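Lettered A, B, C and D in written order, each chain numbered from 1.
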Amino acid sequence: MTTDELAYKALEGLGAAPLWRFYGNLFPAQPKSRAVPYRWDWRELRPHLLHFSKTLSLEEAERRVLMLVNPGLTDPPATVNTLYAGLQIILPGETAQAHRHTSNAFRFILEGDGAWTTVNGERVFMAPGDLLLTPGWHWHDHTHRGDAPMIWLDALDYPLVNALEAGFYEQYPQRLQAVTKPDDAGSRQFLHGRLTPAWLTQEGPNSPVTRYTWQETERALDAVADTADGSDVDGVVLEYTNPWTGGPVMPTIGCRVQRLRPGFEGAGRRHTASTIFNVVRGEGATIVDGERLEWSEHDTFAVPGWASYRHVNTSASADAVLFSYSDEPVMRSLGLYRTEDADPGA
Amino acid sequence: MTTDELAYKALEGLGAAPLWRFYGNLFPAQPKSRAVPYRWDWRELRPHLLHFSKTLSLEEAERRVLMLVNPGLTDPPATVNTLYAGLQIILPGETAQAHRHTSNAFRFILEGDGAWTTVNGERVFMAPGDLLLTPGWHWHDHTHRGDAPMIWLDALDYPLVNALEAGFYEQYPQRLQAVTKPDDAGSRQFLHGRLTPAWLTQEGPNSPVTRYTWQETERALDAVADTADGSDVDGVVLEYTNPWTGGPVMPTIGCRVQRLRPGFEGAGRRHTASTIFNVVRGEGATIVDGERLEWSEHDTFAVPGWASYRHVNTSASADAVLFSYSDEPVMRSLGLYRTEDADPGA
Amino acid sequence: MTTDELAYKALEGLGAAPLWRFYGNLFPAQPKSRAVPYRWDWRELRPHLLHFSKTLSLEEAERRVLMLVNPGLTDPPATVNTLYAGLQIILPGETAQAHRHTSNAFRFILEGDGAWTTVNGERVFMAPGDLLLTPGWHWHDHTHRGDAPMIWLDALDYPLVNALEAGFYEQYPQRLQAVTKPDDAGSRQFLHGRLTPAWLTQEGPNSPVTRYTWQETERALDAVADTADGSDVDGVVLEYTNPWTGGPVMPTIGCRVQRLRPGFEGAGRRHTASTIFNVVRGEGATIVDGERLEWSEHDTFAVPGWASYRHVNTSASADAVLFSYSDEPVMRSLGLYRTEDADPGA
Amino acid sequence: MTTDELAYKALEGLGAAPLWRFYGNLFPAQPKSRAVPYRWDWRELRPHLLHFSKTLSLEEAERRVLMLVNPGLTDPPATVNTLYAGLQIILPGETAQAHRHTSNAFRFILEGDGAWTTVNGERVFMAPGDLLLTPGWHWHDHTHRGDAPMIWLDALDYPLVNALEAGFYEQYPQRLQAVTKPDDAGSRQFLHGRLTPAWLTQEGPNSPVTRYTWQETERALDAVADTADGSDVDGVVLEYTNPWTGGPVMPTIGCRVQRLRPGFEGAGRRHTASTIFNVVRGEGATIVDGERLEWSEHDTFAVPGWASYRHVNTSASADAVLFSYSDEPVMRSLGLYRTEDADPGA
């Protein structure tokens, strides 16, 4: 062996390695997400959800969820680099065990009626289009008293939290929490007219709005769309905000809803944030790094970080409405947010 | 003359004075506002407003306003130490000259329909109970196209701005501004569901909500009152917030609305902030430093800083609703806010 | 009487007044401070200070201070609109009674050695050029164990605090506080190298640096002046900062020190902040609204808000060094800061 | 196949997977870092550094660095979960190519004299114990004009930035940048006495102090150690701060220095932040999750996130001084910081 070879050998035993042999891998010219552009098909997946709702009990499953796994992110499974989406189903009469975790979570309701999530003692009810927050380390369990299956999009930042090695988890001593607060208090006290209870003060970094109802969201979309063209990339796009700060609903996840007018052809853009979309209604396509993802109601699709994208509403007569969430708040907090115009091609 | 007398004499010529002869006046044990507790009677004042609407043109008056002058603050006139309230009237067909000033201002609508204020190119419409902001250095003019007199409470922080010697004023070159934005854009884009246009960013320290409609305020009061007891001092009390920050609507003025349940007997309190109230509806009394101010619809009353107060709803069957504004944001920004339980007596 | 005259009469009894008769006074085109440009002459005032140090005991005086009263601001006395300066003297062997007030205060040491101020249990020592903070509601008393009179510039924001009706005052039960902290802990723990004790957290809005020593200030001036031209208005000008925030030392008062190179001829400027200067060393002049204020060591001078000013170092060979303080933090917090280039003439 | 088996099979083709088969892995009861406690031995590694300084040119290597690779984090290589440390050497007469990357970086100087880093046009000089910042996307190159090898600890957050898929890299068109600023301007303008140039304003999220000199750090340690016991976990521990904010030097990395008194036996603690230490001087041990890491001058050691640790100064007569850096700012920004008393055993 040469002296260099001997030195390389010795370094291994000392826990050291030559940087010059790793340089290009560690410092890429620009990021290339391991995640790929992908669309999950609601009409194909829904029957499987219904199937497992019959063959698997919630006692066995704790949560009955189909994870939407990005083909580029299978181990550990994730939907985009830092975020996860799943389709959860709960049947009339069922309950789901109370637990909590440091991962921030929310649900975006797709179908059904008559279920609620209890979050830190408050029953939060669900209707299609509602956004329900369960911020990190908040106890939550689910109960369904309706007549038909309840299905929602389940979102978590566990890929981020686990990558940061900050995940904690705890089960509640009983199956369900006691109810200690008025029903839907978080949304009823904070949702209307930018008015905030003056006897309360901020606790923790999360929004106190437990439920952003679709009813209010639709009113906002109507009111804004009448007055504004919106963004040439995203149309009329609104951010769900934390009443105490005006910022994102949770420190790691930002949520948005956007309306694309009939025939909307968005400009191309990219940014370091990774985004997951769910189609509230309408039909269209999003071109991501040259790949065309066709979507319709309740489909989910992923736009990886730094991928170029543009949205198209393929209907000449109907609006399309997209709900989305991303790790933009993380990128901004850490000084890593970057964005530019970019043509995704095709 | 003694040498001391000579020295005192000499000091005068040098622009100096002995602190020891002023000590007690400059450092009181606690503040005693020059303002006094006072109530302005809507039923008495309204006829005078109507009178001047007939005898005085807006060309003569620029603004036709009865100032509500605190008996303790006549020179310069003010309503409480830092804030001003007036009753403004404008007749069908009239317009009021466009101007701007560094003083922050707002209007709280008392009666009438069919008028608007144009604020920096946006027409902002008025209906009873609406709160319309005209933050510092924003152009504003008024136009009335309704059928009956329009009357509102006019609020400004000019006593503060002038005490800080920071007042600027400018007239617009034309009588009225050109309209450059959609009508009511500020409220339509920001008022609903805690959703904020994602393509906009904060400009300046003020709320972008040009109009907090009474319709939304009433919805908020209803939703909150169903779920919360509120404060034992103030009942169900809500703060109007700035969507970009979650804080007060302007850096010098905080606005609130509160509902006192039938028979409500508030606890006593005092704080260094000075407050002006206007009665939206109902009947009651506020005891301020031993003095009982009886109030009913549209009356205005003043609670000076560090005065003890408590609110009473004298009706056993109807809610009372109070709108109020104060300099609490100033006191908090400067580290001068202090509050404690205090019995106003009587 | 006409009906108008009757109406005006009636309004008086109702606590109301016609705005249209006050308009111009309340909304000036631009601010005109009641304060005037003025210089207080150290060489003239110092003998009077010494005189009273012999004829007046601290038991009688509580504090033995010559107030520097602006000719435009005699009732109540103030130096500029919101701030006060005085010259305080304490003799060897004397002590000054412990008290506290909500007014923020500091001392800037002019001459003497061997005295200390005890602030909330910490002895803070004094040497010429040192800046010692006694933020609002901090107990403070003085003790002098040196050999010669100790004289300092005493600064307070009581004109602001009293205008805002937020002044509280309390005497300590004993003449002097017990010492409960290491001597000069506040400056020793926070002053060096931008390093902050990691086991402490921010308490209140004020800087924890009880003493900014002249030794460190001079080092900073030297280090900066070697690398930077500074501002064309103010030369090499440094802001004393709060280690917890990077902002001003107290929420109502900002402190600065500036070095004007030999022959420096500053550009003209004005801003809504009011400023008091004290000359650390050197000779020069400041032209304020056409008036030339000549100054030399330890003189104090006032530049009112919105007055135009420019500084001149009249020496061709020696630096001039000015210490100053202003209400700029107030103006910025409240959205009232405005500045522009402006020629003071002369 | 059963229907369940068929469904599981079908899900794969649809990009979905059953959450219930992954639950425990994704939601651990508490975090267990992949990194292990480890110490890198300066006396063993230094000869290899010197070896490669003779056999490998900087033209070949771009940077000549031995990476300190945690045995638990070999692919990709990292020192703790989010951070990296390396030992870099540069010889008299050498230069290192100018480049920039979004990763935040700094150098902590171990030995040598006469080299500088040029950061965005400013030459920043190096002496042992100095901390030099090269924040994200700042150009930097190195030049050595001294007489002996220059060695420093190289720190980067690339494991975090790459995990967040936000890494960009660019080479400068020339080998070295032009010098456009005074030497060491960043530290000379910001380091002394908590005084900040008043004509500058904050740009970006990073500290403008390009160099925290050991001379100032030692003065701070001396001044603080004389007045304070410090923390029972960390002794006299100081945080390097950003003058504009009072917070950490960069948004992803916090830097500290601590002095352990002779015979210091620290209390046990753990937190979700991951930390890398470098020994400035002295001898001692840090017990991490039951493992005893003995250390002496210039050794580096890793304390993984949520590992329990306590520090011991094994000398009865000499202080030990540790420099350290961690991702605590990340954990705090994202709401993931958690800490508790914990006994590491042994």
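We adopt the following convention: contacts are C-beta pairs under 8 Å (C-beta built on N, C-alpha and C of every residue); 3 or more make two chains touch, one makes a residue touch a chain.
Values in this document were obtained by computation on a predicted structure and should not be read as measured data.
With centres computed as the average of Cα coordinates, no chain lies farther from chain D than B. We define each chain's centre as the mean of its Cα atoms; on that basis chain A and chain D are separated by 32 Å.
For the pair chain C and chain D, the distance between mean C-alpha positions equals 42 Å.
Taking the mean of the C-alpha atoms as each chain's centre, chain B and chain D sit 52 Å apart.
Because contacts link each chain to exactly two others and close back on themselves, their graph is best described as a ring. Touching chain pairs in this entry, ordered by label, are A-B, A-D, B-C, C-D. Chain C makes touch with chain D in their complex at residues 182-185, 188-199, 202, 207, 209, 212-213, 216-217, 219-220, 223-224, 226-228, 230-231, 234, 236-246, 256-257.
Contacts from chain C toward chain B in the complex involve residues 3-4, 7, 10-11, 14-20, 22-23, 25-34, 38, 40-41, 44-45, 48, 51-52, 55-56, 60-71, 76-77, 81-82, 86-87, 101-104, 136, 158, 160-170, 204-206, 250-252, 272, 274, 304-306, 327, 330-331, 333-336, 338.
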